[in-house]
Every structure is written in structure tokens, then in C-alpha cells.
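Following are the structures in question.
In what follows, chain A forms one complex with chain B and a second complex with chain C.
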Partner chain A sequence: MADTAILLPGEEVLSESLPKSKKGTLTLGPGLRHIPPSTILSTTSGTLHVDHKKAALWIEHAHGRYLPAVGDLVIAQIHHSSAEAYACSLTPNTPFALLGQLAFEGANKKTRPQLKAGDLVYARIVKASKWEDTEIECYNSSTGKAEGMGPLSGGMAFDVSPAFARRLMMGTDKNGKQKGEVVVLEEVGEKVRFEVAVGRNGKVWVDSGSVKETVVIGRLLKEADESGLDVEAQRKAIKKALKEVGK
Partner chain B sequence: MGPDVVNHPLSRADGSTVLSNGLYTVIAGVNGPIEVQRRDELPEEAAIEVNVRPASGVGGICERWMETVLQSALKSIMLVHMFPRTLIQITMQITKEPSIKLRRSLYDFALMPTLFNAAITCLVDGGLPLATTSTAALAIISPDDQVVLDPQEKEIASCKSIHAMAFSANGDQILTQSSGDLNHEDWGKVADMLKQACIAAIGPAGEDTAMSNGVVQPEPWLRQHLEDEAKSAVRGKVKIEAQGRSREIRSSSAANSKDENQPDSAT
Partner chain C sequence: MPREADPSNNEREFVLSALRENVRLDGRAFDQFRDVDLAFGEEYGAADVRIGKTRVMVKISAEVVTPYADRKFDGIFTISTELSPIASPAFEVGRQDQTEILLSRLLEKTIRRSGALDTESLCIIAGQKCFHIRADVHVLDYDGNIADASCLALVAALMHFRRPDVEVHGEDVTVFGLREREPIKLQMQHQPFCITTSYFDGGEVMLHDASLLEEQCREGEVIISINRFGEVCQISKYGGPPIDGLSILTCTNMALEKAKMLDKVVKAKLEEDEKKRDKGGLMAELRADNEREQG
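This part shows the complex of A and B:
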């Protein structure tokens, strides 16, 4: 159990709740700002979370727009193509993120993926700055491997809240329990075969080969997000939905 | 008694609230940071756009005036430098207005605190960075020279002067709008009362203001609303500690802090 406190915008994080790190450095996550020399203020309301191992603290907030951060895995939609890069949209009504024409596994000037407007890619954010364009890439530029990223063909993308996307990506703890308390993908995966990609920008791409099953999975995810279902309610909804498609 | 607040009624806006008090109901939605038109772009900070839509018809001069007042008030408490060359767009639709017809100037002044509170709660819902928590309140001076906080429709219609003010958690004045027949002393008296009311709405405040003179404090509606939201967002996932040490220290003398500092029984 993490120890958490609720903060309102502009409230100070007391020094005794700060994690102690060996290096003497702190990592501030979303919702916090540092005023030198040693004041840490919240900028939004939410629960304060502290990771003592990483000497990190952040504020958990349910809603709001996705803000790009380096290292995030996102699902981007190609808007148009230019000579050097594809312009992709991560969230609506924001400037486009740039995806290099050659930023794919094994791509060179002669063989590179030909993407059309509207195509989806699974990509990682490599540059996010408030002064410049966001840059994304579909391979690890230091190893040249795709690591699961690349164009997403077929399937459907569903919009969920960024907080729910984060919960989906939390993975499992030592006992195999879902840290984010979302069991939809695991439970459905026992009955139906499908591929899934979760983007931190609040998009989930699902492809199960059949449109019916894909839509059922997407709807279950959206229901779990919007109605805030707990694990038991999720299991119930999954059972009901799978019965309807005959699984 | 604070206003009723419903969080996140609009699924497509980044943040939204419905705020209703005895006089008005307002739906507020915020989108941001989003792409800004070239002519509105500011090189070092986010542009803030406020749209006020009246209950019927399209906005006129009065709405434009309220928009500019709110825009400059909000700009002073938002951390606009965090998103340079972007736009933060706040849209507010009035859905209920007083049942009796108020004079236009009274109508506008009475509306101002509701709009401000709706804007603040929707900005918080949208996760947009604020320098401080802040609320607004309304007061009138009645014909017999009494200051009335949160007046009813009839009291507004017959008032001598009307005052809309907003204060931050530490008592800084964010917004002040007054109209009617008043002198400097009246204004000072009203400002003091509104300041206390605003600070009380944000919750456990410094001992010097909140609990003085044994005045019965209204419930801290804004803090309660925001804390309930934060709790429901993490429901079942983590156990909420007894609301953090900072609160206990600062509010040790506040009588209403006792029940708030209990751990949430739902989690």
C-alpha cells in the first residue's frame, strides 16, 4: 500500500513526506513544481504518490489532456507525409508530432513503409519540449530493433482516458496480480485470441481478426474506464459480453 | 452551504464541471493546451480564451466584458508559462438563471462568482496547472446597511450595492467587482467578509482568519469536492492516509478538521 495524501493546487509538499535518496536528488512527476531552494508545490489536485526506491513523487489525476513525455509509448495517427517525416496526431487539436520517414526497423531510402493519411503507428516519444515539435520513432534508434513498435494494420483503435491507459500499462506484480486493477485484457485473452497495443495518449488498438470480437473488447475497455468498474464488475461484464458473441 | 458541483459531465472536453448554486447553473468545459491561432499566439505563455454563453440567445457586450474580466483573473492564477504558444480554451454555458428578472448590471455581478468557481473547478478537473486554489463569492449590502453573503434573488433585486470578489487560499485578492451606492468603509467591510468566506470555502486556513471571533464557518465546499474527486479517482487502488500531515498541523485548531482527517471509510 502506497501512502498517499490529497493535495489541492498550490499546496506545499512537506519535507517529511519527501523520499530520501542516496544521491540527494528528487524526481518530480506530473502535478508538482519546484521553487528554489527547497519548496515543492502542487499544481493540480489529486493524490500524492511517493516512490521511495526511485526517489520520485508525483500527483495522480484522473482527467485532462495527454502531454507528451520522452519514453512514452503512444498510438499516433498519420495526418500527412512530407519529404523527411510523417506528421502524426497524438491528441486532437494539438500540433503534429514528427515521425521520421526512416524511423522504422530496417528502413532505408529504398525500402521504407508507405503510410497513408489515417494509418496508425505504435511509436515511442523521443523528444518532447515545449519549444519544439514532438518527435516520435517506431524503432529503438540505439539498437535498430522494432521492440513491438511499427505500423498497426487492421483492427480498431478505441479512445480511453489517459489515466486508464496508464493503468492498462502498469503490468503485473510478483503474485501475477494486475497493478492497475484492469483485468479485461487477461480475462478476455483466455477465451479470444487478439492483438492489442496501448498508447499513453489514451488510445487502445485491438485486432482479433473478427470485427465483432474486436468491438466487444473495445467496448469492455471503454465501459471499464467510463463506469470505473472494479475487478469483480469487470469479470461480470466480460462474462456477459463473451456469452453474447458465443465464447 | 456551498454550490453543487458535478465533475466531468462532458466526456470529450479535457475538463468539465456543472456548478449550481441558488441563483445560477453553469456548465463549464476546458480544452487545453491546444493549438493556437497565429494572431492569438503568445511566445512565452499560453493564451487563455474564455467564452460565456448566456442562457438564451448569443452573447453580447456584457458577456464580452465578463469574459475579459474572468480571463485576466484566471491568467493571474494559472501557470501559463508552462505551455508557451498554446491555447487554453474555457467555455461556459449558463443553463439556469434567477426566476425573477434582475437589472442587467445586478445580473452580471451576481453571475460573476458562479462563472469564476465553475472555471476554477473545470480547470482543476482538466489537470491544468494552477499556482493556487481560489474561489469567488458574492455579497450585497441591503437597504438597511447589512452585509449579506450569498444573497437570495429577492435580496439582490433590492440591494444597495453588489460585490463579487475572488480570493486565493492565502488571502490574495484575485478579482473584485462592485456596483451600486457604496463608500470606502462599506467596501472594506464587504471585502473582509468575502475574504473570510472564500478562504473558508477552500478549507482549513490559517488560524488568524478562519476561526476568529467564534464565527460559525461554512463548510469548505471546494476542498471537499476536490478531495472527493481525488478519492474516487484512486478508489480501491490505494489506501488514503489520514489526509497528510500538512493538513493536521495547519488545521489543528479548526473544529471542522476532526471529521475530515478520518481515513476515508470507503477505501
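This part shows the complex of A and C:
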């Protein structure tokens, strides 16, 4: 993240920082706005990120609530069930997303998961629009495979900020370094066995089988999020916390 | 009508099974409060309390009014509580929900009915003029335990507030501005604090200062208002399974400890604030000559 600049709302993106694209088109992500003919303004405060390969640029910021986007993996909570679909909440106090009754791996009318109100599912967003209901599904509809999605049983769901959830899901670069600069899951994973699912909507589900370990993982994640710990500080906190549970 | 989003089944079950293993999600002991932070505003009578992520602000104001005809020798003291969407999307403007009604009744019982504020001292001329002390309670952030936080903020604000001085000549009343005469502290007879004990598993597990998630998972709560001398002002329990008398006694004993702790916090912060404001009295403050360079 060497080429990042901090922008304030209404600030212009300098033409030097724009990626060169072969087709001559740019892709603008969240937080940026094109004012014709050739001005790009930021609409929020955050750091500018540029992907030269895809000729894309966007602003990464730590505020705001989650807005559904197609392809996002989310942790949804079943609110109620109707004949066709489950109504799920992605974030509290927002319109429900629809999850088809048969949108699970290997589900047909006779064998389909029976979910109760309050159950959690790991799902992918397939339709997100301003005017219609958001739709999610728990399998890849083109291959019919679950790909790790489905109902989540047991464990604990922790709330984190959407920005932190994004950082958790950024993956690693070529050298195996975390792009999002969060090492909590990796470092703890060396000592403790646990299952984890990260939802873009700011939820992290953790299940380690032991209550104490799960609580420690959740606390470390929240601490890294809320106090903005860097990699070194995270390692220190992890070491201290693992000692407490005797690992 | 919007309401607080219910926690998922996974969260609910996990919280309960963790409590059975004596573990709280934030790593606290069962009777431990989150960090209590108290700050006073620039003006007299503004207190801002934070308990963890819960935040409550109280502002006290005073005006001169005619007393009630049936209570000629008493001043008037009112508490207004408002839960607005700034605290949580579950609260609406202009519509009282149950949390708000319970909170305002609780504060009323704890502070007003227990006679914490001596209303007789607010009388200026019997039957004609008295002070009306108004306390506005604003919940700014809601992460559980607003009863304890609001009560603490209210008591702190009342202790911090000063009303303007008055002089009576026959029927004439002169109210002096804060700059003209040193304003006067309110007369508090005692300082009660609300301590909420949440219980789970029919009273097997007792918690202090529950977070929002714990509040949503609990079976019931007992709110005890107690001052630092151990005098109980009220006990309220809104529904939930019955708990035996012995548990209530333990609750009261634990509440007394907490009330002493909160009392200490308020006293220390008041002292700190007083030191900050003290510029050597009104005369020193109003002096026209500038500070001379020494040496």
C-alpha cells in the first residue's frame, strides 16, 4: 500500500495517480464520482486505492454501514420464512434479503434445510439493486456446489466494522503477507484449531469448540478493529491472550 | 414500530454457555463494571457518563416560577428522559416505548421520591416564587445498562449544578447572574445510585453492568437503588422468573459495594473539576490588571 493518498470529500483525484488503461476507460469504485469532462472527485474521506491491472480506483474508508453488492459473502440471520424464500437480515433495521428455500447445495422440495428464525447462514449476494429486494444464495447456482456456504451451527458471531471485515477478506499478496494487515486469524490459527467465516456485512463467525478460545479470538478481532492495532501490536496482543488460555 | 434487532440463536446460545463456564464475552468478572468515565461540561450542571459504549448526557437548568398551589413551600424538580434515534435505530422520536417509560419512572422513584434533592431549599417566596429545577436526560449511545448510566449522570449533574443567587426585599426578588454573585450548590440529602443485576438460569448466574447482548439474553433483572450508606431507595423487578429472598439480599449487598465505587468516581471527578474552575474566587477572576511577568 505504498501508493495511497488520503482524500477528503470534494477533493480532486490528481491525474498523475490515475491508472493508465489500454482501452481508455476507468472503473470508479465506492467514494468517487466523475464530473464530466475529466474531473474525478472524492465524495467521502478515506485512502485512495488504485488497481493498475484493472484500471480501477476506489476509496477505502472506515465509516458507513454495509451496502450489499453482487458477489459479496455475507453472514445473514434468518428473520422469518415464507413459502418461497427465507427473509434474512444482513444488517439490523434495513430491508430483508431473500434466500430461496431451495438455494442450498443438493436441496429439493423434499430435502431442504429447515431453518428457524434467528439461525445464521453463510451466503453470497446474487442480486443487489436499489429498487428491488436483495437476493442471496447458499450455493453456486451454476455449479450446484456449496463452496463453503450454508447454515452455520454453533459458534459465535462477532460484530466488527464493515471496513475491518473487508480487510480480513483481502487475502495475501505474492510474498504471503496479509494485504489487509490483519494477522489475528493466521497467528491464532497456529496454536488453536477453529473454524471461521467472515461476512462482508461486518460479522465474523468463529467456532473453536471451546468457549474460552472462541471468546479470546472474538476479543482479539474486536480489539484490532476498534483500537486500530498495527501488525506488531496485534502480535503482542495475541501472545498475551493465548497465554491466558494456556496455549 | 422498530425494535432492537434480536441476536441470532448462535449468539444467544454461546452467551449462555459461556456464562455457565464463568466467562463473559468481554473478559470481565461477573460483578465487574465496564470502564466508567465521567466528564463535566463547560457550564454548571452538564454531566457526560460513559460506561463502555453506553453514553448518557444530563443537563440541569433552573428558572423562577410560581410553585404549585398545594405545595407552597416547595420548589419544583422535574426529570425528562428522552430516548432518540441517536442512541439506537430502535428508538423513535415522539413515541415513548417501554424502555423509556420504565427508565423515567425508575429515575423518578430513585431521585425524586427518595428526596435526594431538598425541594424546600428551592423556595424563594412561599406561594409566589420558587426555582424549577429541570433535568434533561439524553441517551446518546446504547449498549446496555442505561439505567445505571442515566442515574449516575443525573446524580453527578445535580451535584455539579449551581443555581443563581437570589435576594429578597419584601415582595421583590432579584436574581443575580452567574458573574454577579457566586452561584449556589443544590442541597442534596443523599446520592442514590441504580445498580442493575441481570440474572440467568433462574438466578444461578448474576451479572452487573450487562452489555446489550447480555441484556437481550437475560431472563430478568433486579434494579436496586441504594446510596453509599446502604439505604435502599427502591427495588424494581419487571417480570421474569421469581427469585428468592436470599438472592435479593446478595444483590443488595453487591449493589452497596458498586454504589460506593460509583460514589467515589463522582466525588473524585467533582473535585478535579472544582480545581480546574478555581481561579482564586470571583474577585481574582474579575480583576482588570493583567498577570505581571515575574522577574
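Worth a mention:
Just so we're on the same page, the second predicted complex is superposed on the first by the 237 of 247 C-alpha atoms of A that agree within 3 Å, B and C clash if a C-alpha of one lies under 4 Å from a C-alpha of the other, contacts with A are read in each partner's own complex, and residues count from 1 in each chain.
Everything that follows uses one rule, which is that a contact is a pair of C-beta atoms (placed from the backbone, for glycine too) under 8 Å apart; a residue touches a chain by one contact, two chains touch by 3 or more.
Everything numeric in this text was worked out from a predicted model, so none of it was measured.
Between chain B and chain C, B contacts the larger number of chain A residues. In the superposed model, A:33 makes contact with chain B only, not with chain C.
After overlaying the two complexes on the shared chain, residue contacts for A:154 are found with chain C alone; chain B is out of touch. Contacts of A:123 after superposition: neither chain B nor chain C is touched. When the shared chain is aligned, no partner comes close enough to touch A:165: not chain B, not chain C.
In the superposed pair of complexes, A:138 makes contact with neither chain B nor chain C.
In the superposed pair of complexes, A:93 makes contact with chain B and with chain C alike. Comparing the two interfaces of chain A, the one with chain B and the one with chain C have residues 92-93 in common. On the chain C side of its complex with chain A, the touching residues are 2, 4-14, 17-18, 21, 23, 25-27, 89-90.
Within the complex formed with chain C, the chain A residues making contact are 77, 89, 92-93, 116, 118-120, 152-157, 205, 211-212, 214-215, 218-219.
Residue ranges on chain A touching chain B, taken from their complex, read 1-14, 16-17, 30-31, 33, 41, 43-49, 60-65, 67, 92-95, 130-131, 163, 180-181, 226, 228, 230. Only residues 8, 11, 14-15, 31-35, 79, 82-85, 124-133, 168-169, 202-203, 222-223, 226-227, 229-241, 243-247 of chain B touch chain A when the two sit together in their complex.
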